[in-house]
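Below are two complexes that have chain A in common, paired first with chain B and then with chain C.
Up next, the complex of A and B:
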């Protein structure tokens, strides 16, 4: 096997190895102790609870960047692989302690949502940056609305100039009919998420169709407008992709706090009603 | 009703004199010093007369026998003139660190670090008005030699017996290299007997040098002469040589300067040129295809190594202080019948100081004593394959290399690079910067982009920090321990010189506010008081730098651009 490949993927190999070993150890422990005097349901439950607590700690670590508690990258790796381990722990725990009550059911579904969100987040954070990196410009998300407004204003200025220079309102009319709405706010959100080229081709089709009716002077102005419209489409692309990158966490973090809260309730109830267990 | 603005008097150039106790009568004996007595005072304007410069930018300092005046490696801002007594320079290997009394920079305690969670300001750029109104001296840095922190070497005779030293007598000047060149002190100097020195901070030295041509020539000649000796002593390839051999080399070595020391002005003009025009405008030190009998050592600035390709020149690497050029061609020519010309061109990037050592001395003292081997002659091997020195054996993509050189990012020692294919634009780095700087981020996650790499506008803590040049008060300076460039806010007068000088737009001028969020304004003009702000590399924090540690995807890295291997390693990961 290529040494360079191994070296550059060493973290992946080590972490995957640790995950496999710990999952095998847990499953082996389950097989060995599930029918003995040790209530393995409690053991697997605590393991699951601690893995969830570790996940929540990652978010707290982010708020304390000045504390020497390891790099965020290290915590992220722990978060991902302990997450996979939590899936194993969950299913082991479910063998011992299948949920029938309301709290159990809520916990179960919260867990499914969390795992789905986490895996989705992993895919998003691995795929989306590539797509942004190959795009021409790098844009800060919070600046997009201001940049969009600046493009709108610049196009209006060009149109005003074209009306004075060419004594024709054709470009101005086209702008009112086709462009004004397009320039007003982000467009084609889901098409950009799917990395479709349709947003570009649609607007290009409209503009090319109109351009044939212009004279040379008008075409010069229209070319500037076309470039700005393309820039606006790039901004929409960035807006769509960065929105997903920023806001998927809103589907993940609230559920993590919810699952912690319900886990604590579950713990209390289990110990309260466990009897001689 | 709007809150009434807080007013203070705008700080001025000499609000913080080097020594506030310096009086007119102290200047009189100083003017009799041989070096200063010949200066024509009429060449100085009334607004900044020679006496004013001495009174505000210099101070008298006394040292007892054995006291260290400057330590090798510390970043200095001043030069010294010996008024009475004498000092000794330690040459050769130098003193061990333990004897130099080095103090590491004081980080915040864990309690203070944790208290940052709830102690954050409500308003942007909040400041404590009391801090601004008090005069704080420049010497906050622990490694500066105030009387409380002076280190003594003990017995002077013991030092002289055990280490190589050279004396300097009354009237001589030292420390000018570090003060003028924005570099670290090149040697440790201590007082041989009770000595009185005139310490001139670099702003004063700069102003005197600017006005007086004779003084300027003297200082520049001294710089050239001393740089040769220091460079030879410091270069690892020459460490095996004794004094006689080193002197033989030093006498025959030529010192040359290329380019403009204030390169950042011409750099901005060159931005409008094409890549090839930029290269062709760079001063040519050596042309590919020419022959030379000298080994070149870079002792200041940077140099571009390029190969002619088609109608242009391709950058294959860059050299910095201590690197050599032409060694393989020279050693190849030493014992082969056919002579090989230089396989690459060498050009000055901005400015470059070089030493040229004749080939016969290279052969006599370096090659053949098993210190450096001859380049093997193989008639089957095309000459082009042997030319590159080891330092240029880089695996970096050529486009990336060209980009780093053209944008002068090679200057950075803590350049922030972001891999955009890993970066999720989460801004955890910016948030971490806020958390460690009282809710004010000290960088913006934007900058020049090449392929998938972004070089952000975070201070790179340059090896040649041109931002220091224009500062009238020395508020922006290099701290002693790790050479990071920092700003002392109390002495910053908001003149914007550093922000305008910085070629990378890494310094921002901020309008400061009081605790109520109201702008602090100048008493006379009512204009907001400005302070320069930039990345300080989290010097006072336990975790440094917070931005790098906060990135969850390992996308952000602070890199020393002079360490090509580290850049290659990060890119390959």
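Up next, the complex of A and C:
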């Protein structure tokens, strides 16, 4: 078996085991100490706060790559499993101390957004790269607009040539009616996310329907255009998937700063207002 | 087949993940080689930076950009090919950073707004307060010191958490919890130890205390430790979780498995009762007997009621319960030969013997066979001389003085005259004389209520008529007696003087109480029969009998054989009219003096207790045979034990002590209610 695979499986097992053990320990502690005189709410709250702080540290670690504090992979693993643990800690903390006040509600919803973003991101970062890797060829995201423009230009060149050669404007008309809009910018974003084949089949249907009316010479030119249109569809696929890969963090990172701010406020309020009634 | 790599595009050599800005030229155009600076400003100006070669300027455009241009630099060294500046575009990373900063700043602004808002308290409140506290919902300072401090101190508190002191707890500004505010159960250490010891000894299976836990728990033992607020209007703040109890109380039994300590005695044992009643005999025997069947109570609720406020059980009064069966007994109608209580009488004396011994007591009814009544003895003892005289007489039979010695005969003489003096005193001055005598006996002032009860409207005419009948000219006799006492030759004068009075015939008709007279006095009162004035009580709670019992009971301790003791014994005889002590129990008070329990025991529910129970919800549940469901008659007491129970001698009365399993079966088995606070109190004082 591949050494890399064995290693990654071992890491998965160890990390999962650690997560399960710590979650069980936390839950057991909750069952034992909740509703007792021991301020378990403070304990679970601090645990939760520290997990959040650890998550934020991951982003700082990425910014300070020069620091010898472990590899990015290690930090990612910590981030993921501590994230799962944070979910458990959150619900344990909420069991005893659910709040209907404004700050409590803000904190709750920020946490829900972060959890949703984190889980979504985990799925995306595990699923999408694989799909990109098996999908045609590799494309650099920042070059997609340039490539799109190049395809547009090339198609226009072929159309110009076909008009001269065939003395027919059929292809040119078709391009104007159907293709121009399609080639202008990314299309079928969500269908590509869902890995649907409909974007391909739709445009293929359009083009096959038109091709019947062409003569042989025109068909040759149209064949080249078809290849380029297919290429553009691939590009759209890359664009959609890589956009999701790049932009899901917009849901995750900004709210983490907000939750830290509100967590500190919550901490101050809890210490200020509890315990001296 | 065309590939993406076949397409010719202008590639940006500076595509790095950490870049914040990128060239803003459209995708079809070649992006500049430099790229924007860190602040997002386009750095391009010309395609090359011309090099000066002696006097000439040479184009220095690199090969990658097309090599030397045909135009060449201008004379002043400026490149001919100016590059249009672009509008740099934010990269993904920078956009994300900007959004993060915006959201963070918005959060900070929101926080600042919250803390500076007029309604800060309601905004930072973690939830609605319980209904009981709703009137102070917007006044955080009522409960939180923090609201009375500045925000700076809040931050300080995070860094330095202070130990809670009694003075810190603001709950006590409204809730009066007595002493030992933050001690467990609001009890002092000593009191707690006492309770612990008592429970350990009497009930070893009872939950014991983990002293180590108490020490740890004490630090957190303030109100909010159990009573958490801000859980909503409908949250029951007064009912904390059982886990709090289990912090200290190690329960080594399991209610649900019925391994439980038993109750000590519920209901209270017979010693604590005030009224003697054998429930078993009543229900199983008396109520089923012929004439009582119709009037007998059908169930417990016919004699007992539940008070609405605290659910205590009270016994309804005699007039609502016992009267149906016991009325005739109480009025003494069952005692056919009884004429009532003999109060005033003329004792029978052996006049012949006295005469033989030259002892003169004036006129004295020969037919009387009475003994001196305890009431007369009591009144005589107002004079200490009489007390001595009575002692000398002792148990001498006044009708047979043949063998009495001289001192005894003298004593008889003295007592006879004393009786005459007593009767004449009452004859002349009536109630006031009696009251004065009683006062002298007890050596204290007698209240008007007491004397009213003790004298019970003794009618003047009856008394005077009686004395006249018995003695004729008692006043004259007493005068003569007085003179004789002071004279040296008393015996001869006595003989002469009394002979003169002999002429008056004294006849006292010997009558007998017949049914007609009894009928006449069916509502009680005074009557004369032969040589005795009787008092016939009628009805329950007769004032005369109760008055004399209450009056004499405390006096018994000193001397049971004293006149007071004799009166008490007479009236407390179960066969005497009124038959008070058939049902009413006597006990000693805190000063070891006898006290009769006339009323049923008052249930004092104001005494703080660590346990709680109220009958009302249990009774209203409509359990089959409600009362009997928990309170089962002790069948073992039907026989001889029943007699003991009647006398209040059986420790468990006539009910089997309620079993814990009776409670467990419903509370836990049926309804799954295991909450400690269902049956136990934490605070001894109500916080409301």
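The rule is simple: the second predicted complex is superposed on the first by the 264 of 277 C-alpha atoms of A that agree within 3 Å, B and C clash if a C-alpha of one lies under 4 Å from a C-alpha of the other, contacts with A are read in each partner's own complex, and residues count from 1 in each chain.
Note that a contact is a pair of C-beta atoms (placed from the backbone, for glycine too) under 8 Å apart; a residue touches a chain by one contact, two chains touch by 3 or more.
Keep in mind that this is a model prediction, so the values were computed, not measured.
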Partner chain in contact with A:140 - chain B first, chain C second, else both or neither: both
Touched partner set for A:246, first chain B, second chain C, both or neither: both
First (chain B), second (chain C), both or neither touched by A:20: neither
Partner chain(s) touched by A:75 [first = chain B, second = chain C, both, neither]: first
Partner chain in contact with A:66 - chain B first, chain C second, else both or neither: first
Chain B versus chain C as contact partner of A:130, first or second or both or neither: first
Which partner reaches more residues of chain A (counting touched residues only), chain B or chain C: C
Chain A residues contacted in one complex by chain B, in the other by chain C: 137, 140, 246
Partner chain A, residues of chain C touching it in the complex: 1-5, 7-12, 15, 22, 26-28, 92, 95-96, 99-104, 106-108, 111, 114, 123-128, 140, 143-147, 149, 153-155, 157-158, 161-162, 164, 168-171, 216-217, 220-225, 229-230, 232, 240-241, 243-244, 247
Parts of chain A lying in touch with chain B, wherever the complex brings them together: 4, 8, 62-68, 71-73, 75-76, 125, 128-130, 132-134, 137-138, 140-141, 242, 245-246
Chain A-touching residues of chain B, taken from the complex the two chains share: 113-114, 116-117, 420-426, 428, 431-432, 435-436, 444-446, 449, 452, 454, 538, 541-543, 546, 548-555, 572-573
For the chain A and chain C complex, residues of the former touching the latter: 34-39, 99-104, 136-137, 139-140, 142-143, 145-151, 153-154, 224, 227-228, 231, 234-235, 246-247, 249-250, 253-255, 257-258, 261-262, 265, 267-269, 271-277
